[in-house]
Each structure stands twice: as structure tokens, then as C-alpha cells.
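Shared chain: chain A. Partners: chain B in the first complex, chain C in the second.
Presenting the complex of A and B:
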């Protein structure tokens, strides 16, 4: 199959994957809290319902920005599988995240605005890692595309253990899991009400959910890059990593943005930076 | 062809010079407007004709018409510059600048009257190649647009600063004098000649920064003068060192390939000049002070052209310093400057200063690229020169317009701009998109830079990569904050709508033309790379032909969408009807649509939304000092290293 087909496949399959993942997440979380939890397909019912509800918009820029968020997020994943240069993806990924920030920031609600600012901090915290991660993967394999990395004889995870550790840390941010869910509030009665999405309703909220599913799928694709010898191995690693994220989500309280920024940069600099430095010094 | 080029270049330098002289005598506003507009059209046309005559081919060398040589004219110009600096400085009680100016004059006197200056080849005074072509187009197209913008801007500026009165004649005199010097600077192949033009741009910058002649601006003007004269002095010493070397004062010969060890000290000193002019750390503070000058000055001198002269020279030197310790140190100064100013920029609330930091950062990327010196990175450097010149000057002009209409440069006061000034917002968004929105021009350059850093071996490669990852992410943060403010919307009162109607037609024309330019260079990215920048990078390094831009169709589609996304969205949103600009969520405590919110214990409070400036996490002033210190140490090491190698 040509890379283009893989790219299109991502656009279709990723939301199903992300939705199921959200369903599993809710069941596992519920069990951890001693509840039964909703049916596996509940996230799909929820999002479906959002698209049927009346949508109230605060201003006309929100909807196009959220469509941009969804579109660029889907494009980022499609470009990875479609065989586009991996380093380029870091910028598309950031643009997608920025669209959400702008949508939330444009509505003037204090809750939404604070969520937008915190999401911008989160973007600032995590973006250096993704640039370094993708650059390191290209460096270690000598390849520049997803297909190239999968075909590489080098097992990326073995060469980039520090980057992989940092990935687990930063993924917590991107999956909006506690303690790093500072821009949203999945748990009620917190200071942000609903953060970023305070002023989004109906299909607008639907776009955000869909984009998040794409994002989860993209993170899974990143894990596949680390375990490039076997897709099965990669999926297994993702399952373990996600399990850890859910556990952390349920056992920590939210951090302040200052801590998120400081800790993420420290981890990125020490583990990812150290790993990259070793890679350059040892390469002969 | 050399004859044609010779005549055209003389015209490009002489014409703005004559216009500037005429403008000094014109005091009537309407007449001045007519002359400026006409002169701008002529300058732009002459630049295009020159580029057409050059024909985007191989480098050509030529002299003055009739085989004239400058002879003692260079010495006379150096003396005039030095005398001017001494007089102005002593009037203001400054001593540092006269010392440096006199030292430069001393060197010029020693070389010329002592007979130590080799006679330049009359057929190799000027050098015109693809890089010159890019610079001539930037100066000859962006420059006149900014001058036209200034006609509208300065009228309002004078209204809010009544004390400057009739000095507007000197403002336009300086702009055209500057254009003449810039044209001369980028075509000169003879280093002493180049140095004269270099110093004239320094003086123009000094006079334009101190234009309002308040105590504050005069202080900033002297900061800029001192730092740039230091660079100019380094340049003079380099000429002194090179005068004894065969062909040493011929820039093209000097930079034909890796420099011999004996030439490295001079290369280090010219790099120092390039670094001061492009406001790299430890010399960044002068560009921040320069932001107190009227906005067209910031757009013309301090973003699109004069500071580019610094990186232009470094890009020229790139093949000579590639692979040497001097080159590596230049690269570290540039990239560390990019990182440090990007950190400081996230703590800055004054939009013009954010633009200044962003400018220093972009120049830092070019300096870094030039210092490492591979064809790929020089490609990156020239691409940033092009994109930055168009997009950043647009942003400076827009901020100038906002400043005159809203009486503020504070980013926080630009909120709901899309509702209040929709047309200006669309222009601003085009500029911001041109500067940074992934995956637009500069992002393509950043991406190519990261690719190239992967090939740099050892510690330097890893360091460059890490610097790039953090610096690049910081730019998202400060641009993101500005975008949030511009893109927010609210219902507005009719009187607010009239604010935008007072923007002058000169401003509309210049800003719209630059916005079209931003979209144009982005659409033409592939063509520019393939026909101009790529061939230049290969010839500069005598490298085998190869392609620089590996864009697959999917990337092109994503880029085209991203190119127009924000401006198109804003254009549509500002005209969209059927939205009632609904009340936003305030936990059910809205007391009034828009601004007021029910507070605890009854009563109402105004909602104010302020961006994050990372207080408590980043101390901007401290970071700035740290960067100045680190880069200062590297730069000192670079100059000393040069001397050690020579000894």
C-alpha cells in the first residue's frame, strides 16, 4: 500500500481508536474508584449527542478555529503515516494545539481565557520535547519518515531510553491527565469550571473531543516509532503506558502551571537533552 | 553588461541621495508628499530594472563608469563621518563615540596617506550576485513602501509630538540618505568602500533614534552609536590587517573558500561588526532602545534593512569561516541570542519590544546559520532574510498604525481588535502568520535548520538542536498571546468603528502591499528556493548541485491552508452576520453584557483578562543580563582567539 493510503486510513481509523481508548479509560478509572463505569461505547454516544444539540456561539471565530484544531490534528497524524518528514510534524502538531488556545482565548470568559493561557503554557512546556524527540528519532535511524523508521534495523527505544522516559512524562500533558490537566477540568467544582471549553457547546465541544481522539491516536503512533521492530510490541507498550497514565490520573491532584512548566522543561532537558547529547558525542 | 550594471548601481545610490538633498529644502507638506511618492516609484522601478539587467545569472564584477576609482574620496568620507560624530557627541557631552570615530579616522589616514592601502582593481569595486539581488529587492521594494507609509504615519506622529515641529524634513532626508547608503553597502566588493556605507547607515540610525531629541531618546541614540561604532572600529582594524594581504580587501576573493589562518583575525573582527549591526548579544540593548524611534524607522532600519546588513556580511563571510573556531563561536553567539531573547520576549508586554526581540531572535538564527556555514544553512539564512524583511516590516507598520489610533503599544490593549479594527487586524494576522504560524516561511526555514543541525557532529550539533527546540517553542508562546488578543471579539459601540476610518491612505497602501508580499513570497517559496537561494548557496560554497527544499505534495497542501487560515478566518469573521456576540460564561454572574461580573458580597467588578507573562518563573531582566554575559564572553574569546592564531 502506498503511504497516501495509510494517511487516509489514519483519518478514518484514528477517531475509532481514540473513542475506544476513551471508553476503556472510563471503565478502568471507574474500577479504580470502586465503580462499575459506563459501557465501552459511551464516548461515541456522548459525542454523537453533542452534534445533535443546539450550538450556541459566543462569536464567529470560535467555530473555524476549532475546525482548524480538528483539521490540523488529523492532518498531523495523516502526514506521519503518509510518509512526510517527521520533524515537520512537530510544527503542524503545535499549530493544531494553538488553534484550540485561540478559540478558547477569543471568547472573553475569564474561565475560558485562563484555560487558554494555561493551555499555552502547556504547549510551551511540551513543544521542545516533541521537536527533540522527532529529531532524535531521525538522527538515530538516519531516516526521516514513519515508514523509514519502521524499516530501520536500529531499535529506537534501546538508543533513546531517556527520550522514552520523558515521553511518558510529557504524554501526561497531552492526554490532559492529572496532575497536568491544568487547562481543563474534568473533575467538578474546581477553580476553572471547565477551562478551555467553558464557552463551547454542542458541535463545538464535539470537535474538541474528536480532535482529542486524533491526538491520542497520534501519541500511539509516536510510541510505534520507539518500538519500530514490531507494531504489536509498540501497541503493547502503548497499552502499558496508557495504563500508567490512568493510574497517575487517579492518584494525583492537579499541579499549578508553574510546576508543570518547570518540571517538564527539567525532564526534557535532563532526559531528552542528555540522551541527544550522548547520541551526538558517541556517533562517530 | 558590466557597463549597464555600473550605470544602474550609480543611479541607485545617487538618485536617493539627490532626493534626500531636495527633501531637506522642501518644507511644504503637499510638495513633500508628491516628491516622496514619485521618488519611491522611481527607486522601486530602478531596483527592478537593475535586477532584470542582472538576469539572475552568475556573479558580475564591475567598477565605476569610465574606470574611475574612488581614490581619496573614501578618506574624505571617513573624515566627514568622524568630524560629524565628534561635533555631535561633544555637543551632548559624550566622549566614547568621538574616541572610536577618531581611531577609525586614524586608521584610514594611516592607510591612505601612508601608502599602505593597495590600489583597488577598478573593475572589481562592485559585486552583484544572487544575494545582492535579494538585498536590492528588499531595499528597493520594502524600503519605498515604508517611506510611503511614513507620509501618513509622521503626520499623526507630529500631532501627538508637537515639539518636533518642522524636523519632519530631516526625517525624510535621513530615510532617503539611508536608502542610498544601503544600496551602496550591498553592492560594494571593496572593503574600504563598504565600510564607508556601513558607517553612514550607523549615523542614519543614530539620528533617527534620537529624532525626538528628548533626553531618553538621545541616550538610546548614543547607545546605538557607541555599539555600532565599536563594530565599525573592528571593521577598520580588519581592513588594516587585510591591507597587507594580496587580494585581502576584495570581499569576493576573501570569501571564496575557507580562510587561511592568517586571515582569521580579520574575519573575526568583521564578524564582530556584523554582530553589532545585527544587534546580537551582548549588543542587543541598542535595538531595544531604537524602538523609541518612530515606527517607520523601526520597520526600515531596525527590522527589514539595516540590521540585515549585519547578517548580510556574515552570510558573505560564511564560506570563509565555515569549520573554523571563529565560525563556531559566531554560530553560538547567534543561536544563544535567539534562545535568550525568545525567553525575554515572553515576559514583555510592549508590542514593539516583542517585535524587537523577535527580530533579534530571527537575526540570531541567520547568524547561527552563517557561522556553521553549510550550503543548507546559508540557504536557511537567506530564506529568513527574505521572509523576515517582508513580514516583520508589515508588523512594525501595523503596530505604528495602532499606536497612532489607539495611543498604546501595550499588547493587553489590543484585545477585541478584530471587532474594533477589522481591516488592520487582518493585516496584522497576515504579518504574524508570515512570521511564525506553522508551517509558513520561517517555519520551513526552522525545519530545514533542524535537519541541517542533525549533520553537525559532536557537542555543537546537540547544543544547536536543544537551543532550537526551546527557542522555537518560546516563539509560539509570545505570538500566541498576541493572537489571542487580536482574535477576541465583542460587541462594539458605533464611535469605536470610526477609529479605523482615520487610518491614512498611505498606511493602507503600504500595509496592504506588504501583506500581498507576504502571501506572494510564501506562494513563491519553491520558485525562490529553486532559482535564487538554492543556486546562491551552492555557488557560495562551490558545491555540487542539489535540491534544498524537499516538499512533498501533502506538505504543500497543508502549507497553503495554513498560509491563509488566520487572515481568511478573520476577514470572514469580521463580516459574518447572524451572530449576536453572546454573553460569555461567568458562572451565571454576568451583571452586564461585556465587562461586568457579579462579585462576592454583591456589587459588580470589571472583568479584565491579562495574558500570562510567566512572572515568578522567568525573570526577563536577569535572563537578558545572563545572555549578554555569556555571549560577551564568547565574543571576547573569538576576537582574542583570532589574535592568538595570528601570533
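Presenting the complex of A and C:
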């Protein structure tokens, strides 16, 4: 199959994958708390309902921006599988996140605005890592596309164990898991109401959920890059990593933004920087 | 044409505490604990009126919270229903004749389901929410 077909396939399959993942997440979380939890398809019911509910437009720019958020997020994944240069993806990914920040920042709600500010901090913390990560993967494999990396004889995870560890850390931010869910969260009773999504109702919130499903699928694709020898191995690694994220989510409380920024940069520098430096010195 | 809506599978709740004694609030929260676990029904306890389908109010209306209750109700997108939980929310209850109490929640916003009890038991609160879901479906169908 041509890469283009894979790209289109991502657009169709990723929401199903992300939605099911969210369903499993909610059941596992509930079981960890001694509850039964919702049905597996609950996230689909929720999003379906959001599209049935009345949508209140706070201003005319929120909807286009959120559609941009959704579109760029889907495009980022489609471009990876479509065989685009991996470094380019980091920027599309960041653009998607930026659309969400702009949408949340354009409304009057102080909660939404505070959420947007925090999301910017979170972006500032995580973006350098993603660029470094993709650059390091391209460097060790000598390839610049998804298909190239998968075909490479080098097992990326063995070459970049530090980067993989840092990825686990930064993924907590992207998956909006505690202690890094500072900009928005699914849990009630928090200081920010719902942060970023406070002022979004009906289908607007539906777009954000859908985009989040694409994002989860994209993170899974990133894990596949690390375990490029076999897709099954990659999916297994993603399942283990996601399980760890849920465990951390349920056993920690929210951190302050200073801690998020500092710890993420420290981890990025120590593990990613250290890993790349070690490879460079060994290669000499 | 029979229209299958997803409201009955995904009712999101906003809980507001008027002037309750906190007895009913504790019972509402008990619904979320492992024993009752309303998340089984797809219920999410959201803290945001703009995301909520059901406004669950405990306690009665007083001079100070009239505006807040009306505001929360206005901020909820349609379709929406109101469930009054406990004697206080239904009629003012034991505090009905206190100098600051105006009466039940229906004093300021239309109430769809009344859940009796002082405090209302978790079973009856869940029953009230389920009846609220039916009302939600009805409103959705009417507007569709």
C-alpha cells in the first residue's frame, strides 16, 4: 500500500482507536478505585451526545480555531503515516495545540483564559522534547520518514532508552494526566472548573474530544517509532506505557506549573540530551 | 421517525448546593462511591454548567443564591433538566420558615424531578437522575 493510503487510514481509524482507548482508560481507572466504571463505548456516547446538544458560540472565532485544532491534529498523524519528514510533524503538532490555546484564550471566561495560559506553559515544556526526540530518531536510523524508520535495521529503543524514558514523562502532559493536567482535566472539583474547555459547549467540546483521540493515536505512532522492528511489539509497549500513565494519574495530585516546566526541561535535558551525547561520544 | 438520542447514555450532572445542611450533598457524593458508582450509567459529575445536562440542586433557595441558581440554569445549553434533591430543595424542608429562606428550588427555576427525603437516600437520588434522563430525552425529542 502506498503511504498516502496509510495517511487516509489514520484519519479514519485513529478516532476509533483513541475513543476505545479512552473507554478502556475510564474502566481501568474505575477498577483502580474499586468501581465498575462506565461501558467501554462511553466516550463515543459522550461525544455523540455533545453533537446533539445545543452549541453556544461565545464568539465567531472559537469554532474555526477548534476545527483547526482538530484538523491539524488529524493532519499530523496522517502526515506521519503518509511518509512526511518527521521533524515537520513536530511543528504541525505544535500548531494544532496552538489553535486550542487561541480558541480558549479568545473568550471572556477567566477559567478558560487561565487554562490557555497554562496550556502555553505546557507547550513550552513539551515541544522542545518532541523536536529533539524526532531529530534523535532520524539521526540514529539515518531515515527521516515513518516507513524509513520502520524498515531500519537499528532498534531505536535500544539506541535511545533515555529518550524513551523522557517520552513516557512528557506523554503524561500530552495525555492530560495528573500531575500534569494543569490546563484542563476531566475530573470535577478543581480550581479551574474545566480550564481550557470551560466556555465550550455542545459540538465545540466534541471537537476537542475528537482531537484528543487523534492525539492519543499519534502518541501511539510515536511509540511505534521506538519499537520499529515490530508493530506488535510497539503496540504492546504502548499498552504498558498507557497503563503506567493511568496508574500515575490515579495516584498523584496536580502539580503547579513551575514544577511541570522545571521537571520537564530537566528530564528532557538529562535523559534526551544525555542519551544523544552518549551516542555521539560512543560513536567517536 | 424514532430518533435515538444519546442523552440517556451520557447524562452529565452539575451539582449545586443551595442552603442545605450538607446531609443531601454527602448522599449525592455517595452516589459516586464504589457502592453506587453512577458512572456505570455514564453519569459524569462535571463542575461546569456549560457541559451539564442535569442540574442537581440540594438545599433550599435563600436571598443570596437566587441569582446564582438562575445564572447556572441559564448557562446550561438545551436540553436541560433540573432535579431537586431532598426536602429542602423540594419545598424548603425543615428550614422553610427560617427568615432567610424563600422556599424550594421551583421558587426560582422550573424543576422537572422532585426527590423526597431528609436526607434523600442515594438510591432515590439515582432514581431521580434516571427520571431526569427520561425528561431530558423528552425535551430533546420535542426540540428536534
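The rule is short, and it goes like this: the second predicted complex is superposed on the first by the 283 of 284 C-alpha atoms of A that agree within 3 Å, B and C clash if a C-alpha of one lies under 4 Å from a C-alpha of the other, contacts with A are read in each partner's own complex, and residues count from 1 in each chain.
By definition in this document, a residue touches a chain if its C-beta (ideal position, glycine included) is under 8 Å from a C-beta of that chain, and two chains touch if they have at least 3 such contacts.
Since we're looking at a predicted model, the values are computed, not measured.
After superposition onto chain A, the partners chain B and chain C occupy separate space and fit alongside each other. Applying the stated contact rule after C-alpha superposition, one finds that A:132 touches chain B and leaves chain C untouched. Of the two partner chains placed around the shared chain by superposition, chain B and chain C are both touched by A:199. Chain A has more of its residues touched by B than by the other of chain B and chain C.
Contacts of A:21 after superposition on the shared chain: neither chain B nor chain C is touched.
In the superposition on chain A, A:70 makes contact with neither chain B nor chain C.
In the superposition on chain A, A:36 contacts chain C only, with no contact to chain B.
Measuring from the middle, so to speak, at the Cα centre of chain A, the directions to chain B and chain C differ by 120 degrees in steps of 10. In the superposition on chain A, A:56 makes contact with both chain B and chain C. Touch criterion not met for A:156: it reaches neither chain B nor chain C.
Once the two complexes are overlaid on the shared chain, A:273 sits against chain B while remaining clear of chain C. After superposing the two complexes on their shared chain, the closest approach between C-alpha atoms of chain B and chain C is 5 Å. Shared interface residues of chain A, touching chain B in one complex and chain C in the other, are 56, 193, 198-199. On the chain A side of its complex with chain C, the touching residues are 26, 30, 33-39, 42, 45-46, 48-49, 52-56, 186, 188-190, 193-194, 197-202, 205.
Per the touch definition, chain A reaches chain B in the complex via residues 4, 7, 56-61, 64-65, 68, 71-72, 75, 78-79, 82-85, 87-88, 91-92, 94-95, 98, 101-102, 105-113, 116-118, 120-121, 123-124, 127-129, 131-132, 135, 138-139, 144, 193, 198-199, 257-258, 261-262, 265, 269, 273, 276-277, 279-281, 283.
Within the complex formed with chain A, the residues of chain C that make contact are 5-7, 9-10, 12, 33-34, 37, 39-42, 44-48, 50-51, 53, 77-79, 140.
Within the complex formed with chain A, the residues of chain B that make contact are 346, 416, 418, 437-439, 443, 446-447, 450-451, 453-454, 457-459, 461-463, 465-466, 468-470, 472-474, 476-477, 480-481, 483-484, 487-490, 550, 552, 554-555, 558, 561-562, 565, 569-570, 572-573, 576, 579, 581-587, 597, 607, 609, 611-612, 614, 616-617.
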